[in-house]
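Alright, structures below, take your time with them.
What follows is chain A paired twice: with chain B in the first complex and chain C in the second.
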Partner chain A sequence: MAMKAMLIDAMRCIGCRGCQVACKTWNGRKAEKTEFFSGPGYQNPGDLSAETLTLITYNEVQVNGRFDWVFGKKQCMHCNTPACAAACPVGALKKLESGPVIYQKHRCIGCRYCMLACPFEIPRFEYDSANPYITKCTMCADRLETGGVPACSKVCPTGAIAFGDRDEMIREAQHRINQNPSGYYHEIYGLEEAGGTCVLHISNVPFDKLGHRTDVPKHAVNKDTEQAMEAIPIVMLGLAALLGGIYMLRTRTVHHESDAPRADG
Partner chain B sequence: MSEHKSATGPGGRLLYLIAGLGIVIALWRFANGIGAVSNLNQGYPWGFWIGFDILAGIALAAGGFVVAALVHIFGGERYHPLVRPAIFTAFLGYLLFITGLLVDIGRPWTFWQMIIFWHHESPMFEVGWCVMMYTTILFLEFVPAVLEKYKKTVWLERWRTYSPWIAWALVVLFTIALIRTVAWVVAVGGVLLLFQILVHRGVIRRDPRVPTLLIIAGVLFSTMHQSSLGTVFTMVPHKLHPLWYSPILPVLFFTSAVMTGLAMVIVEATLSARYLRRPPESDLLSGIGRGLWWALIVYLGLRTLDLAVRGAAAEAFAVTPQSLAFWLEILVGVVIPLAMLVSRDSVSSDRGLFWASLLVVIGLVINRLNVAITGIHAATAERYVPHWMEIAVSAGIVSAGILVYRAVVRWLPVIEEHQHADRTASGRTGAHGRPAGGSQP
Partner chain C sequence: MTNHFIDMTNADVVMICGSNAAENHPIAMRWIRKTRERGAVVICVDPRYTRTAAFADVYCKLRSGTDIAFVNGMINYALQNDRIHREYVRQYTNASFLISPNYDFQNGLFSGYDAAKRSYDRSLWQYELDGDGIPKRDMTLEHPRCVFQLMKKFYERYDLETSCRITGAPMEDYRRTCEIFTSTWAPDRVGTWLYAMGTTQHTHGTQNIRSYSTLQLLLGNVGMAGGGVNALRGESNVQGSTDMGLLFNVLPGYLKAPAKGMESLQQYLDDATPKSKDPLSANWWQNYPKYIVSLLKAYWGEHATPANDFAYSHLPKTSGNHSFISLFEAMHAGKMRGLFCFGQNPAVGGPNSGKEREALGKLEWLVCVDLFETDTSVFWKRPGTDPSGIATEVFLLPAAASMEKEGSVVSSGRWVQWRYKAVDPPEEARTDSRIVSDLVRRMKEAYKAGGTFPDPILHLTWDYGDEPEPDIHRVAKEMNGRFLRDAVVNEKEFKAGQQVPGFAVLTSDGSTSCGSWIYAGSYTDAGNMSARRNKEDAPNGLGLYPKWAWCWPVNRRILYNRASCDPSGRPWDPKRWVIRWNPQLAEGKGGWEGDVPDGPWPPEAKLPFIMRPEGLACLFANSLVDGPFPEHYEPLESPVRNLMSGQRCSPVIKIWEPDKIGDSSRYPIVATTYRVSEHWQAGAMTRNTPWLVELVPDVFVELSTDLAKRKGIRNGDWVLVETARGSMRARALVTQRFEPFLIDGQLVDQIGIPWHWGFAGLATGDSANLLTPHVGDANTMIPEYKAFLCSLRKSGEVA
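On to the complex of A and B.
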């Protein structure tokens, strides 16, 4: 199965938040008591939480000299090389070949390293539970298995959340930008971020205006970690041989000189 | 010894109180979730517990493997009286650290799942395995003190026979879990197997006090553990401030752990001598102090070089909370102790040595808190400041540790009682002649 991706087009989003509702319904997440203005502008709830896996961000941005509402979508980016999956000690987070980064909750020990590692700061933790799990968007991997599309994509009334093969989605994004070069911002967020992701965003304004982090490295963030982990066997073997060797050589000399008291007292 | 009545002086009572409060808060956390007792949030999933209990706690326990290697591998025989207290401190430190971990991780009752769900790419997997492996090794290194106390000579003999093989099996298992390449497993396991066979055949001299393979395994696991805690943070180039983020974090964590291990040996030996009303091991400790001076030089050199090569040195001169925290850490933990230890006189003065070492320990704690808290920037939450209950839990753990330490040093032969007589005696054979096993010379 080719790697799937979502293409989220801020130009088509009308901010109805149908995707937020569909996401909660499909994933069985509870409703939250929220307050207005707990986040930037009119978005509600203020941020992703253990119960809210996707969020439409409301951003008042200057477009062509006048202020306008531009809506972004916050959710798991489903990285091609996910830091959360590399970080997880028990392999609870896992990248599927078909695109989604899934969470196998029965494995999770609750160490929260995935939250620290994620360059997009997506995974959430159930801080109020005595038996807490991590929660995050799974691209509705269970729906994809039966040939469906993610719940948010299915419900979107304006087609702002397209879903298909990643290559196809990249072509589609480029096509839309080319068709309307004065309207779109000429970049695809997610094409290279953190080594490329399976959620792609296009927009009429720069992505930081939609609440996306634009300082994310353009390579997989676990590059240095991989190098450090590759050194393990070399250090193990080197140290074992060194310590054993030193002990052997040292005790050999001592043996020849017998155990006579040394004169450094 | 008879002049000591009990641990419940006014100081003792305070320790019980703090430990008790810690237990109450920990119970509250298990009933109501981590959010009920901490300020940890969605942007800052790690805080004081990780920085203090785990990152700093493990580094402070480094004295165990540093002194064990110094004496049993490198042959610093005169330091033998320091081995057992250092190993006991390390063992106790690891047990306390595991207690802290149980509070911090969300579902601690599933911690054992690391044994069945292997993910060798994860630094946290390495950390978890090192914890389990090295705690077992520390138990094996410490258990003779208990066996001696109750004169279990048969068990001591069994310990002497089987503990190297258990150590070997643990190293091989660890290598399989972490490396997953047959050639490497065969190489690492083979080298140690060869060593043990040569010891058996009498080609390599058998250390009558403790199986050398046990010590080697301890050094291996410690080295991996100390460095892996640094590796954990190589995953966050986008979140950790450039004053601390470095691809060589594992090396820096290891070096600073060795340095702090030495400092802890001095601090702990001085304090326990005071507690047991004996004169401190001055000449041994000043020897350790000279080693500490060199370790500080190496660490300072590495830190400076690392900052220069990465082009992050300028960050230290910008006025930010991070740069202030950086200078605090470097001045308190490295520069001032270096200056204090520069002269021969100060190294051989008990007071100077103790205070310099204490500064190194404090500096290390600041460094680990900087990596875990001050240096981390997340966009999601405004900021993280530890809740008083988080600090109370850690304080409770430390207090419980001091209480256990006091009880154990008066119960078990951890700190050797006649060492002064030995050292003032004409020869150096004292350490040799009184093996840990209490048997053959």
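On to the complex of A and C.
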């Protein structure tokens, strides 16, 4: 299978959040308890979390001297050279040839190196769970396996989340920018970020205005496990004992799940 | 809609005014996005920078309740700068008709006003007729009393400056809006006008729509692909329910509900059937008798005979205005005993809902049929109420959701689309039709033992199979209509039991029955047309998809499509032809191709607007109670005087509670209500869905940074909003997306409140409708939810 990618177009997005709900529905993620709004505009929840794998941001900005309201979509970028996978000591995170970076929960020991390694600050940890796992967007790898498209892409009313071969998505992004050069910002976010990703963004405003990190280097950020460990703040090392405990728990889980390994979160 | 959703891809300019399509009809944006990427310009006109505004190329703000001033200015701009499709206007509208000298307009009042009755004598607004009874025309459009000249005079008062002073629209944005939209006057450019409840929910809501229609007709945009006047209906299948006679004043198929005094069928028909002496007018409604008799036959079958006026006497007669507000006023006055609420939640959705909640307590019984326990069903235990003082007996029946039953859903574009049942309803939940059917069967049983006037119940046709669950296909077939006996119609033979192929063969002699004449053709002997899923487009490639589902009437996808051609049958815009006359067809006799035309006649044989007795579209009409032209009036409550005349608000609106009108000295801020994408109507479904509650958990008020600063309110603070009806608390969302308006040199603030919340369910909060007034549009009585006055202040935390 050719490498797939998602193309997210802020010019097409109407901020309806069908995607956010579809993602929770398909992935069986719980609603979070929120109050009023937890970020600018209508944003809720405040950030990605163990239960929220994708998030729409509402940004009041000035474009060419005029006020505008633009919507960004946060989720895993599905890096071509995923720093999270490189940092993972047990190979629980894995880049598929078809694009998605998947998480094999039965392998995970809960060390959270992946969280520190990810340049986009994507993976989250189920702190509230007795048997916690890492969660992040899977690009709906389970849907792709049977020829489907990601749930968020399927549900999007305006076609703001295109899905297809990565080469094709890059051509499409370029085409849209060429068709409307005064409307679009002339870059494709994800084309080179972190060595290229399988989630591409185009927009009418610079990407930092949508809440995306623009300080990510345009080459692979391959921290191996050791480097990732070095980056762990000293306070977190105190959790080592807990991690050991989780590992014990996990080995039992692996035992149970080994007959039917699943490629999801 | 005159057109349909996919047709938006054919537009060069998309005007979204009175609609927040991105939030309330997100799927519309799929098609609007496509046409925008083709180079079309999308304009959003709204008091607030909405998610639709964010999507649009041009945004122009206006103060709530000033649509007419806004659009009349556009009309004037088109007239003054000759940006109109002159041939279209001359040939297809009543611009050339001469109007009686009795028509006049002075200081905000049309002639014929009776101040005591607060109504107009509309007979003064008549055409001048020639000796044959045909309206006189001046095709040069020069006669001082022709509609065109009267229009020029009427609209010239709305120059750009005046429109901006009233609406608060910034001149630069307004001029740009006028220029871009009126660019569609050219025959090969077309613009569509999308509206919704932002337009209708005003005391002059109907005239708002008329102003849009007038502009669209001047630009020659009606009947065209990518054009039209398009209502984005407020709920899924609300189109279907209005088609079926949801409103108090219509029967299925928009036949008039008979009123008291129309005691015989003939009296009713004399009133309802329009007449025309113009041989060029198709005057389609002359077929009225066929439709009403076929409907009566559907209701009472063999018991409806020529001898008993087809059981016409069984039809209830309206004894006045029984629209929503009137019903609740009557209920509040103790004049009603019972109420059925099917999927409706007036305790949240009704205007002045505090009063409506009180009214529910005066009923003997209340039946709520819904998916969840609604606020209405537990009105008796709302906060601050003592249930022991309420005697109403309440029944809550669990209903099946749309995915749990089979049937048709009609889109705003009039497409009747059949849906299959996906899953069984849970537990004891039942379909609405089953609930109604059980009730009817038991009523019939009860009436067998006698009762007052039992015949309408006992004789009512209820022929939907023997199962408790009515066979919904039989219902759909009944709507389509069938032959009750062998008959020859239009030289064609039909057998008893045959489904009618279309409404052209319905008869007034009792040989056909039809539950809704506009649905004739939807379920024929060839099968259920609305279940079709063929993705092949028509030869004109406009996205009509004629074999996808079915569309009323007669599968015509674009209404008034005869007007898309010049009088010889050639399309005004050959690139986007909807229909065209092909002389080669029918063995040289000629025929139309493309969409189903508005009638089969050759181009010259009939005028294009076949539903009007004139055969033409009306730029001037006496059908509305509040004037033949749309005139700007302020909402019932407004912070400013009417800059157009001494007549502050519409002179013919019915004011229920004169003591409940707020004054701008006490309530200086304009408020409006609306919905958000994440919640649905009165919230029963969405406020009980955790994923949606996560997104928008609490009721909030949107206000400008400017107003917030003056009031010392920060984002997230609790605020108290008060009106002459009531008060509510909400969280403040301080945003640049609202700005104060400059109205005739005066700074006017506006705020907005989504109205989804109530006291029942998972996410609760005060209802915005505690604030809204019991006043409605002069024609339809739709409540004025969209513009009223309030005060706003910071409030302490609430528990």
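Going forward, the second predicted complex is superposed on the first by the 220 of 265 C-alpha atoms of A that agree within 3 Å, B and C clash if a C-alpha of one lies under 4 Å from a C-alpha of the other, contacts with A are read in each partner's own complex, and residues count from 1 in each chain.
The definition used in the following text is that a contact is a pair of C-beta atoms (placed from the backbone, for glycine too) under 8 Å apart; a residue touches a chain by one contact, two chains touch by 3 or more.
Only a predicted model underlies this, so the values are computations on that prediction, with no experimental measurement involved.
Student: So, A:E35: does it touch chain B (first), chain C (second), both, or neither?
Tutor: second
Student: Taking the superposition on A as described, I'd like to know which of chain B and chain C A:P45 touches: first, second, both or neither.
Tutor: The second partner, chain C, only.
Student: If we overlay the two complexes on their shared chain A, which of chain B and chain C does A:A117 touch? Say first, second, both or neither.
Tutor: The first partner, chain B, only.
Student: For A:P217, is the partner it touches chain B (first), chain C (second), both, or none of the two (neither)?
Tutor: first
Student: Touching A:P206, do we find chain B (first), chain C (second), both, or neither?
Tutor: neither
Student: Please name the chain, chain B or chain C, that touches the greater number of residues in chain A.
Tutor: Looking at chain A, the partner in contact with more of its residues is B.
Student: Once the shared chain is lined up, is A:T158 touching chain B (first), chain C (second), both, or neither of them?
Tutor: The answer is second: A:T158 touches chain C but not chain B.
Student: Considering the complex alone, what residue numbers of chain B touch chain A?
Tutor: Going by the criterion above, the answer is residues 30-36, 38, 40-43, 45-46, 69, 72-75, 77-78, 105-108, 110-111, 113-114, 117-128, 171, 175, 178-179, 181, 184, 187-188, 191-192, 195, 198, 204-205, 207, 212, 215-216, 219-220, 223-224, 227, 230-232, 234-239, 247, 249-250, 376, 378-380, 423, 426-429, 432.
Student: Which bits of chain C are touching chain A when the two form their complex?
Tutor: Residues in contact with chain A: 22-23, 26-27, 29-30, 33, 37, 49, 51-55, 676-678, 690-698, 700, 716, 731, 733, 735-737.
Student: Going by the contact rule at the top, pick out the chain A residues touching chain C in the complex.
Tutor: Answer in residue numbers: 12, 14-18, 20-21, 24-25, 30-37, 41-42, 44-45, 60, 67-71, 157-159, 176, 179-180.
Student: So in the complex, which bits of chain A are touching chain B?
Tutor: 47-49, 83, 86-92, 107-113, 115-117, 119, 121, 124-133, 213, 215-217, 221-222, 224-229, 231-233, 235-237, 239-241, 243-244, 246-248, 250-252, 254-255, 259, 261-262, 264-265
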